[in-house]
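Data first, discussion second: the structure below is written as structure tokens.
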Amino acid sequence: MPIFFEKKQLVTPGELLAEGEYLPGENTYMEQNKIYASRIGLVDTDNKKVNVVALRAFYVPKVGDIVIGTVLEVGFNGWTISIKGPYSALLRASDVLSRPFKPQNDELSAVLNAGDLIVAKIASYDRAHDPQLTVGEPGLGKITRGQILQVTPTKIPRVIGRKGSMISMIKQETGCQIILGLNGVVLVTGKTPEDEDLAIEAIRKIEQESHTSGLTDRVTQLLKERKGKIEQKVEENKNE
Amino acid sequence: MNEKPEKLIDKKGIRSDGRKADELRPLKLQVGVLSNADGSAYIEHGKNKILAAAFGPREMHPKHLAMPDRMVLRCRYHMAPFSVQERKSPAPSRREVELSKVIKEALEPALFTELYPRTGVDVFVEVLQADGGTRCASITAAALAIADAGVPMRDLVVACAAGKIDDTVVLDLYDAEDKLGAADVPVAYMPSLNAITLLQMDGILTMQEFEKATNMALDGCRRIYEVQKEALKTKYMVVKEAGEE
Amino acid sequence: MSSLITKVRLKQIEQLLEKGKRLDGRGLRDYREIKIEQGLIERAEGSARCLLGKTEVLAGVKVETGEPFPDTPNEGVLTVNAELVPLASPNFEPGPPDENSIELARVVDRGIRESKAIDSEKLCIEPGKKVFVVFVDIYVLNHDGNLIDCSALAAMSALLNTKMPNYEIKDGELKIKQGYVSLPVKSRPITVTVAKINNTLIVDPWLEEEQVMDSRISMAINEEGNICAVQKGGSGYFTPQQILEASKIAQEKSVEIRKKLDW
């Protein structure tokens, strides 16, 4: 049964990918036994499934995802959070405060105010309701320091790497704490701004070149080179 | 600056702008030209210069316009006051209102509206310079803007017009041909699905001429579709090549 | 804008269509009953009411004098406006014309204008300076589907009913004589709307069919069988073959309606 593309070919929405015994995977759809791409991206097969790794997509919430969001509004019994997707999320006050509370605006804004950043988990989501967040687990909650960057959500798995190899390597080389929100928002917290900038540069490089091979080596090399320069500069500053 | 040609098409079949009956005007498309929009595209088609931007899917404002089970597409076609021969008032004209509606109806069949309920996608088209066939060029650019925003689509929507001037059915009328000609038939099309999403006609044509013009326009659509796909790939190709060094 | 139609009702419509039938008993190619009354509004120079099934549209024509358009100095002016008045449907709200009423007006306008229904050169009083201006106002009184065809019939009937004061141009002056003359009409276009539901084509969709249809295509056809206006509407699509089929249907129906109305 025919396939109409080469591995990792760049395809546009509506391009015919396969016909017959194949199954429509990510960013594809099937009509009358034909599989078409629905987003611009790189097409590949995984067994009988035809997938397109989208080069441009937005985040659709999934229960259990860790996300980083910004508080948009303080409401009566919770906060509205932007998670950079089509839907804004809700964080209930009852999830944050361990005791029953009286709905007074002032009290809530003291805990979390508009503009604050949080790391949270998607607790529930369905077609009829906006996603609900929870911060009731270790590692979740308000963010107090670090730098934030936005990455296309489909690239996050590449930043993580196989069994977390890529992200562990970056953390190690830069000494930074990195939290990857599956909504594409990344938090980098390092000892110095230079360390943070380095981690950010590495992540940006992965985002740009995510579909290529040998990326792990190139990123490692970049980090080692830059770190070498930083250490050299520190030495120079010491000797002045 | 008002050029009114004597004859729209001469005995040798050459039109007043030098083209043959089935020749398209020069076309240039660029994707991702505006940094604030989720997706954007710019088209130059003949003397037409049009900018399209897409925002979303995002929450609908006002909220009561959101639909519980689907995504809503809104479209605004607007012409800049300096885009035409005689300055046009910035207020939306009845023509702009109608075109906004037909352009939206041309793009909507490409979207999977059931995928993102309660959200909206807003498409804005600004005609910076007009020379006939702006609704078609707008649709071609708007579809690219939507794809550039990462909104899933069944296919890109492409559009082209054909018409009749001096008893000859021709492709891609420019403004003088549209105004002085006998008929204009704009068509929007999703080539992979063989689906016509916009079809209008004003003028007078026999059934045979109407069929001929529609087919000619579809052929023009298929040719522009190749340019459209290339423009989209070009923006993302740069990204691909950067990694292969 | 459309009210939600129940899934049960939708299934009912679809199942009947597969058998070639419609909810109100019509065949796929049957129009509802057309009733036209002329001259009900004496203050207007011309008027007509068209009933297409339960869809009701009143059209009024006023004739005044004014300036011609700069690019047609020897021709009269036609302007068509439509109002979807709130009493016609629970979905119509008071306010300035929305995209639906503007589209309706412009589609009816194109059918009349492009077919040259009005002999506009006969409306010239003083070239470049003074011409007759024909205002056609379409008033939708009840919306039960297919406003385009009903409005086009009402508008054309109103134009056929229009009487202007008998006039003479002497020494560049407009002189009103005794009596009345009919508005000079050269052609009588008829608009036919074909709707697509799943892959079945039907004519003259009524309200519930409009709520479930994928798309519609309206064509204005003149006495010679030529097409003067085409407008696809709705958020669905047609294949090129369906467009061809729809044009054949439109042509057939226009001949049928023309005979019925004796146009």
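Chains here go by letter, A, B and C, matching the order in which they are written, and residues are numbered from 1 within each.
Following the convention adopted for this analysis, contacts are C-beta pairs under 8 Å (C-beta built on N, C-alpha and C of every residue); 3 or more make two chains touch, one makes a residue touch a chain.
Everything numeric here is computed off the predicted structure, so don't read it as measured data.
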Quiz item: Can you name the chains that touch chain A as well as chain C?
Solution: B
Exercise. Would you mind checking which chain's mean C-alpha position lies nearest the centre of all protein C-alpha atoms?
Key: B
Exercise. Would you kindly say which chain has the C-alpha centre located farthest from the C-alpha centre of chain B?
Key: A
Quiz prompt | Centre distance in Å when chain A and chain C are each reduced to the mean of their C-alpha atoms | solution = 54
Practice problem: Express in whole angstrom the distance between the two chain centres, defined as the mean CA positions of chain A and chain B. | Solution: 35
Quiz item: So, what's the distance in Å between the C-alpha centres of chain C and chain B?
Solution: 27
Self-check item: Multi-partner residues of chain B (each touching 2 or more other chains)
Solution: 190, 193
Self-check item: Interface residues, chain B side, partner chain A - complex
Solution: 38-39, 56-59, 68-69, 110, 112, 116-119, 147-156, 190-193, 229, 232-233, 236-237, 239-240, 242-244
Quiz prompt | Complex contact set, residues of chain C against chain B | solution = 71, 97, 99-100, 102-103, 105-106, 110, 114-115, 215, 217, 222, 225-240, 243-244, 247-248, 251
Quiz item: In their shared complex, at which residues does chain B touch chain C?
Solution: 94-95, 97-98, 100-102, 104-105, 108-109, 179, 183, 185, 190, 193-207, 210-211, 214-215, 218
Exercise. Spell out the residues on chain A that touch chain B in their complex, using ranges where they run on.
Key: 10, 12-16, 27, 29, 31, 36, 38-40, 42, 54-58, 60, 86-88, 127-128, 208-212, 215
